[in-house]
Each structure stands twice: as structure tokens, then as C-alpha cells.
Amino acid sequence: MFNKARLKDIFNDISTGKMSVAEAIKNCEIEENLGFAKIDHDRERRCGFPEVIFAEFKTTEHSLAIAESLLNKTGFAFLTRVPEQTKELILSKWPDADYNKLSKTIILGKLPDIHKNTKEHNVLVISAGTSDIPVAEEAAVTARVMGCNVEYLHDAGVAGIHRILGAEPQLKKASVIIVTAGMEGALPSVVAGLVDCPVIGVPTSIGYGASFKGIAALLGMLNSCANGVAVVNIDNGFGAGCLAARIIKKVKEN
Amino acid sequence: MFNKARLKDIFNDISTGKMSVAEAIKNCEIEENLGFAKIDHDRERRCGFPEVIFAEFKTTEHSLAIAESLLNKTGFAFLTRVPEQTKELILSKWPDADYNKLSKTIILGKLPDIHKNTKEHNVLVISAGTSDIPVAEEAAVTARVMGCNVEYLHDAGVAGIHRILGAEPQLKKASVIIVTAGMEGALPSVVAGLVDCPVIGVPTSIGYGASFKGIAALLGMLNSCANGVAVVNIDNGFGAGCLAARIIKKVKEN
Amino acid sequence: MFNKARLKDIFNDISTGKMSVAEAIKNCEIEENLGFAKIDHDRERRCGFPEVIFAEFKTTEHSLAIAESLLNKTGFAFLTRVPEQTKELILSKWPDADYNKLSKTIILGKLPDIHKNTKEHNVLVISAGTSDIPVAEEAAVTARVMGCNVEYLHDAGVAGIHRILGAEPQLKKASVIIVTAGMEGALPSVVAGLVDCPVIGVPTSIGYGASFKGIAALLGMLNSCANGVAVVNIDNGFGAGCLAARIIKKVKEN
Amino acid sequence: MFNKARLKDIFNDISTGKMSVAEAIKNCEIEENLGFAKIDHDRERRCGFPEVIFAEFKTTEHSLAIAESLLNKTGFAFLTRVPEQTKELILSKWPDADYNKLSKTIILGKLPDIHKNTKEHNVLVISAGTSDIPVAEEAAVTARVMGCNVEYLHDAGVAGIHRILGAEPQLKKASVIIVTAGMEGALPSVVAGLVDCPVIGVPTSIGYGASFKGIAALLGMLNSCANGVAVVNIDNGFGAGCLAARIIKKVKEN
Amino acid sequence: MFNKARLKDIFNDISTGKMSVAEAIKNCEIEENLGFAKIDHDRERRCGFPEVIFAEFKTTEHSLAIAESLLNKTGFAFLTRVPEQTKELILSKWPDADYNKLSKTIILGKLPDIHKNTKEHNVLVISAGTSDIPVAEEAAVTARVMGCNVEYLHDAGVAGIHRILGAEPQLKKASVIIVTAGMEGALPSVVAGLVDCPVIGVPTSIGYGASFKGIAALLGMLNSCANGVAVVNIDNGFGAGCLAARIIKKVKEN
Amino acid sequence: MFNKARLKDIFNDISTGKMSVAEAIKNCEIEENLGFAKIDHDRERRCGFPEVIFAEFKTTEHSLAIAESLLNKTGFAFLTRVPEQTKELILSKWPDADYNKLSKTIILGKLPDIHKNTKEHNVLVISAGTSDIPVAEEAAVTARVMGCNVEYLHDAGVAGIHRILGAEPQLKKASVIIVTAGMEGALPSVVAGLVDCPVIGVPTSIGYGASFKGIAALLGMLNSCANGVAVVNIDNGFGAGCLAARIIKKVKEN
Amino acid sequence: MFNKARLKDIFNDISTGKMSVAEAIKNCEIEENLGFAKIDHDRERRCGFPEVIFAEFKTTEHSLAIAESLLNKTGFAFLTRVPEQTKELILSKWPDADYNKLSKTIILGKLPDIHKNTKEHNVLVISAGTSDIPVAEEAAVTARVMGCNVEYLHDAGVAGIHRILGAEPQLKKASVIIVTAGMEGALPSVVAGLVDCPVIGVPTSIGYGASFKGIAALLGMLNSCANGVAVVNIDNGFGAGCLAARIIKKVKEN
Amino acid sequence: MFNKARLKDIFNDISTGKMSVAEAIKNCEIEENLGFAKIDHDRERRCGFPEVIFAEFKTTEHSLAIAESLLNKTGFAFLTRVPEQTKELILSKWPDADYNKLSKTIILGKLPDIHKNTKEHNVLVISAGTSDIPVAEEAAVTARVMGCNVEYLHDAGVAGIHRILGAEPQLKKASVIIVTAGMEGALPSVVAGLVDCPVIGVPTSIGYGASFKGIAALLGMLNSCANGVAVVNIDNGFGAGCLAARIIKKVKEN
């Protein structure tokens, strides 16, 4: 927003009278200040998608107020990692809210207008084991909310390697693949060795003992012997969904 | 290669005589066995790019033999993290080898035929500080070898935040951005908050004390408060370049 | 399953009409897809034992559905680390289920037909302290389910070294020894120095402070000054039991 | 040696005059004291193989003296992780010494008499990448010295999953499989999912950044989603070889 | 208290009769011994502020007794990290107690007499996200209790970099800035690059997965590429407030 | 028990008829086998004190059975880290049991006969802060049970350095000093610099954030710049008490 | 630079003709782009001091070029952690360069004009041990270059607590105290308990074993039981010096 | 030195004229200030032994100057971890210096007068393996310098448990036992279970991979299942020797 080129234009416009000083200042109003939060109404212009509410550590009051502000401005709000109490209050206030039990996400209002038909550019969300499905679902919901076409492939871990090999046709047609895996987190390496699209590895906290709540899987993915693997934080299905959506956006723009 | 659909086709072809058993078997020959190494000549078909030689921990003899094998088969070989001694021997054997001093990469032969003019889809490689340039260069060389158009932006770290803000036009036109940063590794978060394309964070081992050779930067990037950040291993410019190339490939295919 | 030699045979059989294409395809059906899970019905052929249900992180519904599928196909199912709620539901659905309170395992149906009389090839399961017994029991149940003859030796830690020395006759006659130990995890080293059979060390999370929930014991076992020690994950009695069963299988096959 | 049953026999023999007190005492002489080292001449009886000299941290003088003592008593000595200087002195003193450059092991004298023909019970040593070969070789040499029949399979990592799948016949006929792998260390999981014999995972220190000199591979193997995986210390080819030899010994004894 | 210069004065005074031995001894009475605690009544003289009660790990009885002792001596007590039960008892005993729900602090009695009007030397407390507000509030309450003039700036994290840039006037007029931030903890670096006053970074435990309960943010701040950043413990708003107060005290003294 | 010298004596005694074989065997009966536990009735002879029951991870049933066995044999039992439920059952079974609420220890029966008057050789137990008292109390109870004379010094941390300096007379007359400290754990260094007796540092888990539940204090004590500091596990008051008792025993024996 | 208030002024000035567009644009020129580096010539205005060259990881060429650029613009350059080769070249190019052997810093040209006489506001730099002096010196040189008056107190660690107590007069008159300490890093806690000014703790990498190259000291300082301690990175004397200078600047401004 | 009781005496003496002010001040002169170091000439009075020079991180000049100062004052100096260059200079300056090649210690001058005949109170220094001897030797030299009678037992690790059992007579007669052990560090537990004297565990950095330069051994010793184990820093033979000497001193004083 504040780069030199844009400023030069504004300066020129003011200088030539094309733009009033008030209008120029107005151009800088890109946030709403709630005191405890600044709603970033410029986020969509910059990053392609409005702000999302990460509800886990916010008080219920804060989450609701931010949701209301976004809903008022844009007719839409998206909350992730919603704690039980916050969910209850949101559902009682907005009974139409779309709550996903597996991913603990809530969609309020109408999805942003980025949902053109894009069946041909899909995101494939894979889980290595049944226990990884909640994180996979968070990734899927996020990607879908951000305008992606999502497919699933569940329980395809490396202990039965034929399961992922048998899914090669599905693998081949994806534009982006998200792989959620706990324990040793080896599946992204195998997948990335089979396809030519970007693979997003999401380590999950599934495991015990020396899995250290997902560290083993995280390290496994960071050290992948196959290239083309992007890694996000442990259990960060949301981040994987966002990243996939950014990639698909570029693919679609073309 | 071995999925059911493809096998069904082969079975049918054999059954109807379209394909001889010998041809069917031939279809399975996808590697060359050097004893100490199996050259994966199917890699390009599967993943869009031939095998690359990670030379750091290989004996000089092994690296040379693999390079020669690839060169013979495909007319091209790419080596990364080439140790001094290996470099010397390769340069004396192939005096035309393209050695990059900063990134310690070597290109042998003719680049693969994936270099269509793609000026409009570029990869922007950013370094947070001057010390991060070698890793940035490894990313840039890799992406370029894999068919990408690469631009640079050096020394744009967050201690002087105007430097990255001033580069907004350059940021906005990239299809993928690679950010190499050591120390606290904060730059990818800031960049991802300014653009709508995927951002690949490469933590570097630049720093001392509690940087723990790149762990601080790695954790910083994994915990980015901005969405859309893909993380690769510490100092893994190669991985970032590959990931960018996979994304650009999908963008170009469209 | 998909190796070249086997494919060559299939190709030849199709070519000569010995096998129909339908039969050839049938040969590739090795999994049952429940959507949220793929039951690997080929596991027993490949690995010598059917799939086991690791119930800790699965929803109760998922665990029950997988158990039911396995029970239907094979007349048997084995669940480990069964959470309270899942246990309750399984016991109310299958009142005959064999629930082991110490190890939190459940056996449903009839044990696989690998239970020939093998009294002479036994697995000795040792606990260093009384607190390590639950993990020891998980190992014992698993090994027994997988066809092993199991003996116990409890509370034989190194603080009273005569306890393990006094058990030498029992040590000597085992084909495999499993040692569960928390705190400093020193017992596997001492045992491995007294016998000539493989010793499987299972670090347990028993301890506090700098035991770091089993890390101290894990590191102790990985750094054993005695040779012949195999290590598995912290508290992984199941893994130790499986490993012992694989070894015994090879001993029995002979 | 000191268990109650054995003592009872000795007591009885002394009491009945079958054994003199001197003979009884002689039975307890099981070590030779060099001052700086106690040679454990009872090791072979207890553990099936004489003491091995771990030379890495010993002074050259100590390593030589221990080697000489063992050689004198048993006609054989085996040294691992031999530093350059120690190697030079040993080769100048015993020019016939069998030095293995890759594994940095030395064999002095004649191998112990445990080398019956056991072609049918083999140990398969796999390396995930060419860089893992030195550790694989240490495992192979050790297993061979301890009486095993060893085969190799090199460069079969998961980035080209067909390489390990194509080796299925070789996998199937092994009694024990040793898998050396660095980086994410995923290969043991895939292998253990394909076979029914015990699989010994040896994490190697190959990798950089977040591989943390083998920790990533170690954690990956400890958290294997496939059962039947035994783990040893990072780069501990020796330990893997010993463990394999103990298992084969039990198989052979049968 | 016990330095040589002071002792020399006391010695001289005794020697010349200016001070009696009793008075000299009295000078050494600087603590009150409650048995389970020694109240340090010299703290204010030495450090500029009376002892504060860190209540989190104390029994309710101990916290109350110490509070009472301080209240009796000085008419004032300040408690931090007050657990629920302790809070209830304090509020029932001293109904006028000033309990802050966000920061979980309690002020008893009258603030110390260090509250001159110092509007011109203010401490600016910034939170990167709404979730960081409780820690920010602990810092703010502490600084205010210790005589500082405090201002707030909430939810100004780097994902929307314009938010902190837009606050530049507020930044510029602060004498000390406290920045609380979780996740990657990048905000202190950006702030320190914009101002010339000391910046106190407080990593918070907000985040999940590889944030490791604040370690990522802590490392980020310790490795700041901007100079002038002081770091305190994770979630240590109290420490940041104290540090700010010490700095402001020196500024005011001037 | 099994050393050569002692065996030689036994052999001679049998040989000369001084000892019957039955008596010789009887000499080897040094443990009672409860199945889940082996009571080590030789512990007192070897180590100077009977076995102690570490109750934290044992089932209530196991703890009671072991306590009963010890009580029957020796008229005394000592339990540490007793969980709530175990405590309730013990108190209802043995209403005279001596339960210490702070240290969560229980003494059953009559103390061993090692309680000669030893006022002159005391153990001084210091806590750095009031929150460290429970661990200090565990150390004190243990040392007292094992025959030591114990004194206390509470809340003497380094933030008010005069508190420990003022206690110099008390410090000087101790034979052993136990210092419990959380947070940075600096107090043992200061104490060891003031006295000439052994100082036992017990890091406690008091603290938060980067205290990592006692790791900071543990590392602080291990790296003490003052010599003469012995370190035990985090929160291991029991271990410190035992160590002190062993030292005092040697002092008294003299 | 880019805040709304300032922009409003510029807009108004352009609008009223007070400022030409060219001048307005000129205001945004705050960096010099060397390609591999962007010299931040606005740093001094924002942060009170020009950019400093952290030379450790830069190529010699880069360090020299940046130094030259700064020298040309401002007549001054300051380099820290200068590697041997870079030092040699700088000294041969600028023979007057002020190289400090202990701190490995270089000062080129004339110090910035912030050196008013400020004897009354001093920074006291303390080292816990003689081995910590190089880090202390880096802090001292940095603070002095940034306009502070610096005093020293060396070898005052807690093992001889009288040494720091004896320096109380020197402690009392400092406005800021920097304490460098390795091993357990306890000195800052003791110092902060004796004074009322801010204390900057610099953990050093002095120590071995469980000091983990300064982690023990770092954790010790972060968990200080005394308030008022600011922590910087391990061995970061430079950061401590900068922080002290920022504080002194505020004190002086008053 | 500065405690109230002592001050009261001094005050009284001054008051009554028994002591002049000058004499009183003289009593506080307990250090010699070399600028870069403060020699603590009161250390022996307080702690029973003069200051020791830890030479590893000191410049050669500093080590020599401190040695000279101590030598002049007390006729004796003791240096540990002496680097090569420092050793050379000391030996050329004081050709009679007693340099121990294994422990890298130097003794200058005449040992302090604490060497009464104490044959009956010995320190037994045990090494688990031959590679641990250098650390054991540092402990032995230190203990001997501090007046202890030292015996050795080398290469008695747990892999051949009979070696330590066979040494029971030697174990039984020691007043303190020091056990140096690397790898899993299990030997102190076994020893402490066999004796009633204090056992000092010294983890050594011997090992590789997951030994993490001694961390595995350190954790093993901290979590010892046997009581009575004191732990010191990794490779800290010096610390173990000092601790033993303090204990022996108390034993002798009795």
C-alpha cells in the first residue's frame, strides 16, 4: 500500500487536483479498530482472502465481536479451532452457522465470490491414517472456503504401500496434494516421488512416546528425500489449505 | 507406474496381442543399477524433472559415476552442494561444466527441454540479509534449471521494514516468492501478508547462539502468523527451487 | 505384490490364456475401502499377521467399524491402547471380547491359526520395576496373539543386580527377551551382556523430572554398551511384541 | 555365572569332593586385567561372540594392547570405527590385517569357528541412498564376521518407490533385513510393510539442517507405522550387524 | 548493605561513639522471618520497589500470610499469577482488593509513593494479537503499579504490517516499548527497527505445534535482526513491566 | 554377595564341613518374590537402608502389598510420592501411619535402628523460595528417616542475597547441605562458595516458560561455577535425602 | 516514515505547493542499493544510530563494499565479529582502522556526533569470569561507540559472592548494568537484587558439557528470580551494548 | 564473612578498643584484583581449598598471570583443562610443573598442607570403559591434590556385569566412589545398589549418535533407580574430585 510507485501516483493526483487530500487519506483507512483487535479490511485486496479468526486462544467475547465485525462488513466470516464454549455461543447467535465437527471450523454468512467452477484444478487431501482425518478435514474445509475443488484419499499410509500406489490416477490429476501424516510422517516423500505437482506435508500430532506430539513427523517431512514437498506447522490443516488455495489461484489466473 | 488402471491396459494389450510380453516387461525397466546407485530414469516422467545429484555426502567417485550415467542417458546432469574435491575433478573432466561458486552447484550438458519462454510467470527470490545470498542462489539456480524465470531481491530484512515495502511492485508480479532468512526468520510472514501468491520460506543457518544453526528461523517460519507460507529444511535452497518449479509448472500447464 | 517377476508370470499367463484379464485384475484387489479407512486384507500374506487396530486416536465409531470389517473377513480382530469409551462400546456389542485391563488391549473372535505348539521357542518378558508391568503386559499379549509362547520376569531392575543374575536359567532358555524399563533404562544392557539371544528394549515413560517421559530410558537403550539390543518407541509394548513374533516366526520356520 | 542353580551344583561338587576348592575358584576367573582394561574372556560363552574393540575413543596404545591380548588368547580380534592413526599402526604391526576402507573396520587373525554354511539364512543389508553405504558396510562386515551370510541392496530410497518394490524377491528370501537410511529415515517402514521377517532400522547421520545429524531419521524409525522394526543408535551399523547375528544364530540353532 | 565503604563508616561511628552497637546491629535487620518465608523489607531501598508475591506455586495460606505481613509493614502488597482459590480467599478477606481478571493480578492497599505525574515518560504496551492481551495486561498493570504511565496498542502483528506502521506516532513518543507476541514472535524486530527507545520483547505461549508453548517466539526475539531488543521469559509480563519501570525510573531521576 | 572372596569362604566352609549345602544355599535367599515385585531383603545389608516404595506409578494394590511385605519382615516401611488414593487406603488400613502432607510421604511402623544421637552431624535443608518447600520437606523427611539430624532454612534465594549470607553460622555447622531451588537454580553455587561441606542441589520444577519444568534449574546446578555441588534429578528430594544420609553415615562411622 | 500523519502533511504540502512532487519522492529515498545489500541510510534517523556491519557470515568483498559505502556517506563505519581474513583486508585498506583484538570489532572513520560528555550516566560492564571478558568487551566497545560512558568490573562471579558485594558503590552509581556470564549464568540475578537500575544479562558460551554452549546460562537468566533483568542472545555483547545505549539515550534526553 | 554474628563481634571489639578500625577493615581484604581477574584469597578459609584455574577458555596470558599470583601468595597452583599452548608456556616457565597428560592438569609448587595420612578413608575412582579413563584421571588427580587417598578400578562396565561384582571387596572399603561412564551411563546405578557409601556419577562424552556428547549418560545417572547417586556435569572429573574431597574432609574431621 505504501510503496513509492503508488505514493508517486497519489502525489501527482493531489498535485494535479485529481484527488483531494481527504480522498488520499481515505485510501489509507484499511483497518477497523475494535480496541482489542484491528480488523484488517485490506487483507483480501492484498492476500486474496479476508481475515480468518483463529479462535483457540481468544476469549469467547473477542471471537464473537470480531466475527460480527467481519460479517457486517463482508457478509462472511470463517473461524478455525473453535473451542466448545465459543461454538455454543456462535450457534445460538447464528443458528445457520455451518459448524464442521471434525475440523472444528465454523462458516458464517455467504462464501466470498471466488467460487468459479474450477473442477479441473483440484486439491487432493490425503490422510496417512484414520486418526489424521480431523487435520485433513481442516485443510479441506479451508481450501474449499477459499475457492478450491477438493477431493479426499484417506488411510493411505506407507505400511501398506499398495494403497497409495493404487491411487495413482487420482494423484496424477491433482494440481496440489495435501498429505496429513503423524508418526514418522513418511507419506509426503512417497507421494512427491510419484507426481509432478507441489505436495504440502502437514505433520500431525498423532503418535506417542518419541513422536513428541508431531515433531518426528515434522522432521521427517522437512528432511524429505523427494523434492517438491512444502511443510507447514504440526496439525496446521488451515495453513495447508491456505497454501493450496494460493497455488490454485495462480493456476486459475493463468 | 504399477497402478491397476495401467496394468489393466497392459493386460488387455497382451491379451489382444497389441503388446508382446517382451514389450510389457520392457515397460518396467525404469532404473539403471550401478551397484552403489540405482539411476531413476523414470523420475522425469513421474516428477517432471530428472534425478539430481546431492553430492555433499557422496564419495567423489560415486558422484562422478552417477553424473556420467545421467549425462550419457539424457545429455544433462545437475549436482548440488558439491564439495571442493568433487568440483575439481568434475571441472577437469568436463571443462565446460557450469559451476556456480555461491551456490556450489554444477550444471553439466544441455538443460532439459522445459525452457519455453515464461517471462510472465516468475519466481522472486528474496534474501533477508547479505549473508543469506548463497542459499538464495541455490534456490535461484535450481528454479532456473527447472525452467523458471527468476528475479532477485537482496537484503530486505525486517529491521528496515521500508526495504520490503518499497519492493511491493516486484512482489506483486511474482507467481511464487522464495524468502531466505536466518536469525529470527521473520521476513516470510511479512511478505505473505503483502501478496496473494504462495511464499516459500527457507530458514538459513545464519546466526549464532540461540539461533541454533537455523532452528530459530525454522520455528519462526513454521509458526508464521500470516497464511500461505510453505517451509523447507534449513539451508534447503534446492528444495525451495524445486517446489517453486512444480508450482510454476502447474501455472504454465494451465 | 507388483514386482517384475510376478508381473512377468501374469503377463505370460494372460498371453497363453492361462489367466483371464478379470482374474489378473482380481489379483490386485487387496484392500477394502471404508472411506475413512482402507482395510489391508493383504497384510497377513505380506507380513504374517492381519492388521491391528491402534485405537488410541481413532473415534469410537471408526474403531468399531474397522473391527467389524476385520471380524467379518477373518473372524478375528485385535485392538491396542483402547480408550475407555471405545472399550465400553466394544464390550457391550461383543460381550465375549477379551479385554486386558493392564495392557488395555482387546481380542475379538478366534486367534489366527498360527498357534502351533512352540513351547520350546519362548519370549521372555521382563519388567525392571513393578510400574513397568502395563507396558510389559502389552508386549506379552501382543506376542501371544501372534503365536508366541510367553514367560514373565517382573521387578528385576539393576538397583538389586542379584535379581536379574538369579534369573539366569530363565534368561538362557529364551529365544527372544523383551525388557521394559523406565528411569535410566539400564536393564537391557545388563541382560544383553548375559545372553546370546536378541534383546528388545522397551523404554517406558515411568520416571519424573529429567526422565522426560521416557527419553532418558530411550537414550540409555540406544546407547547400550552391550550389543544385541533392539530398541522400539517409548511405551511401545505392542511393537516389541510384534518384533519378537517376527523373530520367533523365523526361528520356527527353520 | 553366579546364579543359584550353578552355585548349588558347585557346592554339591565341593561337598562330595568332586571338585576341589581351587577348581571352584578357577571357574570364577573370567577376565584378564590389563589395568586400563579388563578383557572379558567369558563374553563368547555368554553372548556367543568374543569382545569387539570399539576403537574410536581409545588411545592407539590401548587399542593395540587389547587387540594383542585377544589375538593371543583366541587367535582373533575385531576392531570397529578405527581412527586413521590406529589403523596405520595396526597395519604396520599386522600387515595381514583385513582393513575395510568403507566401514573402517579391521579383522585380525582367523574368524571364530561359527562359520558353518548357512546360505539359506541370509541377512539383507539395504541402503536408502549411496551416502548411507559406509554404515551399511559396517553392518555387513559385522554380521559376516559373526557368521552370517550377507546380501546387499543399495540406493533403494522411497523417493523412487519402484526401486524397493522391484526388489521384492530379494526381500522375501531374507531372514533378517537391515535398512540404513538418513534424512527422514522412511525406508524401514516401507520394507517392514512388505515382509514378515524382522527389520533392523539404522538411522544414519546423512542429511543437513533439521536432520540434526540423524535425529530425524532416528525418530522416524522409532515411530514407524509398520510393525516389526527394531531400531539401533544413529550410524550404529555394528549394533545392527550384531543384532542380526543374534537372530540368525537362534534361527540356525533351531 | 554489607560493602566495605559502608562498614568503614559504621566502624568509625562506633569507634567515635556516634553509633551504639545496638544501633549498628539494628542496621542489619532487613528481613522478617515467617519461617516458611523471609520478607525482604530492604528490597525497596535496594531495588526501588517492595517485594512482589508470585502466587502461582505457593499454597493459599503462604500467599495470604506474606500479603498480610507486607500490608502491615508497608500498607501495600502486589500479587501476580494468582490462582483461583487464592483469589477467592483474598477477595473475601480484603473485599477492596483490586483484582484484574485478564492479568490475574491483585493489588492490596495503597500504591507506593512513586507515582509522581510522569505523563511525558510513557511505556507503550503492544500485543501482536488479541490472544496476547492477558500477558500484555500483566506487563501494563505491573508497570503502572511501579509508577509508570502506560499506553496500549493491541493486535498489531506483522501479518498486516500497516497496523504497526500506522501507529508510528504512538511508537515515537514512548520511552520504552513492551511487545508481547506469540507464534513466530517477529513484532519486536519490526518495532525496534522503527524506533530509538529500548524494546522489551515478551514471547507468549500462544500458538501450537512447533511453537512449543512459546519457544519459537522466544528464539525469534533472542535472534532479532534489529538491535535494541531486551527479552524476558515466556509469558513474563511481570518481568517486562518491572524492567520498563527500572528504565523509566532512571529516565525520571535525570 | 557373589564376589569371589566370599565364595571362597563358603567353598572352604562346605569343604571342611563347617557349613552344610543347605545353609550355603540359604545364604543366597535374599529376595521375596511377590510375582509383580521382588522384595530386596538384602538391600539394608548392602546399602545401609531397607527398600523404599516409590508409590507414584504403582497401582494402589501393588503399593499396599509391598508395604505389607516389608512391614511383616522388618516392622517398617517408607513410601514416597504417595498418590491420593493410595494414601487413603493406607491410612484406613494402618491408622497410625505417619503421613506428611507437604512431602506426600508415609512412614509405617518403627524407624530402623540407625537413630543414635547424632546432633553434632547435621543436614541443613535450604529452600530458595517458599514454593520449593514441598521438595525440601521430602528431602528432610527422607534424611531423618535414614538417621540424620535435620535443620531447615527457608526462602533464602539469591534475589535477596543477604538472606543466605545472614545464615552463615547455620551454614558453617552443617555436615551436608541440601539446597532446593527452582527457576534459575543459582543458590547452590552461592552456598558452595561459602562453605567447605558437600552441597546437594535439588532443582525443582517451580517456574514457568523457559524454566521447562526444572530444566533451567537443573542445568544451572550442573554448570555451577562453585565446586562441591552434587546434583540429583528434578524434584528429587528423596534422592537428596538418601545421598545426605549416606554421607552422614560415613561421617558417623569414622 | 510512511505513517498516515506524515503522509497527510506531505499531501497538504503538495496540495498547497509547499513541496514539489520531486521533493516528496526524494523524501522516500532512504536506502542505497548495492545489489547484494541495501544500505539503510534512514536507520540513524529512526533508531538513533547508523547501520552496523555484522561481518561474521558475509564474504570479505561484501563487508568491504558495505563499509566503504557507509564510510562515504557518513564518514563512519562499525563492524562486529570480524573474521580474520576480513580484518586483514580492512587493515591493509584503512591502516587507521581501530581494531579491538578481544572483541573482534573494527571502527572506521570518525565516531558519530552523539558523544556529548555524559560521565554521570554510565554503563557498568561486568564479567562473571575472566573467560567472559571478550563478550564483555564487545558490549563495552558497542556502548562506547554509541555514545555511552563505560566502566568495567571483571571476574565477579557468584562462587566468591563477596566480590560482587564489595563492588556495591560501583553498582549503585550505574544507570545500566551489563552482566556477561557463562556456566550457570547466575550473576545477573544477584546483581539485579542489589540495584534499582536495569540489568542486561548476556549469557556466554563459556562452559562445557551440559552448558550446551550457553543454553544453561541463557535459561538461567530468563528465569531470574530477581526482577529487572533483560536478556539478549548468547555471546551477544553487541546487542547488550545497543540496548544499553538506547536506555542511556532516553536518560540523557530527559 | 559478613554475617551479623561476626559483625556484632567486630563492632564490640571496636567499641571496646580491642580492635582498631584499620584492623577491622583489614579483615575485609580478601581478594587481589588483577584487573581481568580477582584472586579469591579467602577461598581456602571458606571452602577448604584455594582457587583452582580452569584454563580451557582463558587466554594463555591470563592463565599464567593468575597462576603466578597464586604461586606467590600460597606457594601452590592447580590448573585444569589446560590447552596445548598454555601447557607449553607453563612448562617452559616452570620446568618442574607436574603435567598429567591424560587429565590435562598441571600442579605447580607444593601441595597444600591438608595431606595427613588418611589411608583408611579412600576414594575409589571407577571407569566404565577404557575410553572414560581421561575423565576418571581428572577426578583422581583433583581428589588427590585435595588430600584424598585414591584407588582405581578401570573398565568395569555393565556389559560384563561380573567385572564390577568381582570388585566388591574394593567397593566395600571405599568411603566415596566416583564412577565415570559414557554411552548409557548405567554403571553408577549398579554400583550404588551394591554399596552404602555415596556414589558420584560423572557422565562422559564418550559415545556417538544418540549419546549426544554425554546427554544420554547424564540423563541415565540423574534418573538412577538406585539411591545415593550424586551427579556432576558431563566430563566434569574435576567437580567429582572436589565433591569427593569435601565428603572425605567431613569424614576425616570427625
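Labels A, B, C, D, E, F, G and H are assigned to the chains in the order they are written; within every chain, residues are numbered from 1.
One rule holds in what follows: a residue touches a chain if its C-beta (ideal position, glycine included) is under 8 Å from a C-beta of that chain, and two chains touch if they have at least 3 such contacts.
Computed from a predicted model, the values in this text were never measured in an experiment.
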Given chain C and chain E, the chains that contact each of them: A, B, F, H
F-G against B-C, pair bridged by the larger set of C-beta contacts: F-G
Chain pair equivalent in interface to D-H, over half of contacts matched, among F-H, A-B or E-F: E-F
Proportion of interface numbers common to chain E and chain F (over half same, under half different): different
Geometric centre distance via CA averages, chain E-chain B, whole Å: 49
Centroid distance [mean C-alpha coordinates] between chain C and chain A, Å: 38
Approximate Å spacing (C-alpha centroids) for the pair chain C, chain D: 24
Distance from chain H to chain A - Cα centre to Cα centre, in angstrom: 58
Per-residue overlap in chain F, given as positions that touch at least 2 other chains: 1-2, 4, 28, 159-160, 165-166, 192-194, 209-211, 215, 218, 222-224, 226-227, 233-234
Set of all touching chain pairs, with the criterion as stated earlier: A-B, A-C, A-D, A-E, A-G, B-C, B-D, B-E, B-G, C-D, C-F, C-H, D-F, D-H, E-F, E-G, E-H, F-G, F-H, G-H
Chain D - residues contacting chain C, complex: 1-6, 46-49, 52, 121, 165-169, 175-176, 192-198, 200, 218, 222-224, 226-234, 238-239, 242-243, 246-247, 249-254
Contact footprint of chain C on chain F as seen in their complex: 1-2, 28, 30-31, 35-38, 40, 42-43, 54, 56-58, 62, 66, 81, 203, 205, 213-215, 218, 233-236
Residue ranges of chain B in contact with chain C within the complex: 2, 4, 7-8, 10-12, 14-15, 21, 24-25, 28
List of chain C residues in touch with chain H within their complex: 128-129, 157-161, 165, 183-186, 189-190, 192-194, 207, 209-212, 215-217, 219-227
Complex interface listing, chain D residues touching chain B: 130-131, 133, 154-156, 159-160, 162-163, 165-166, 182, 206, 208-211
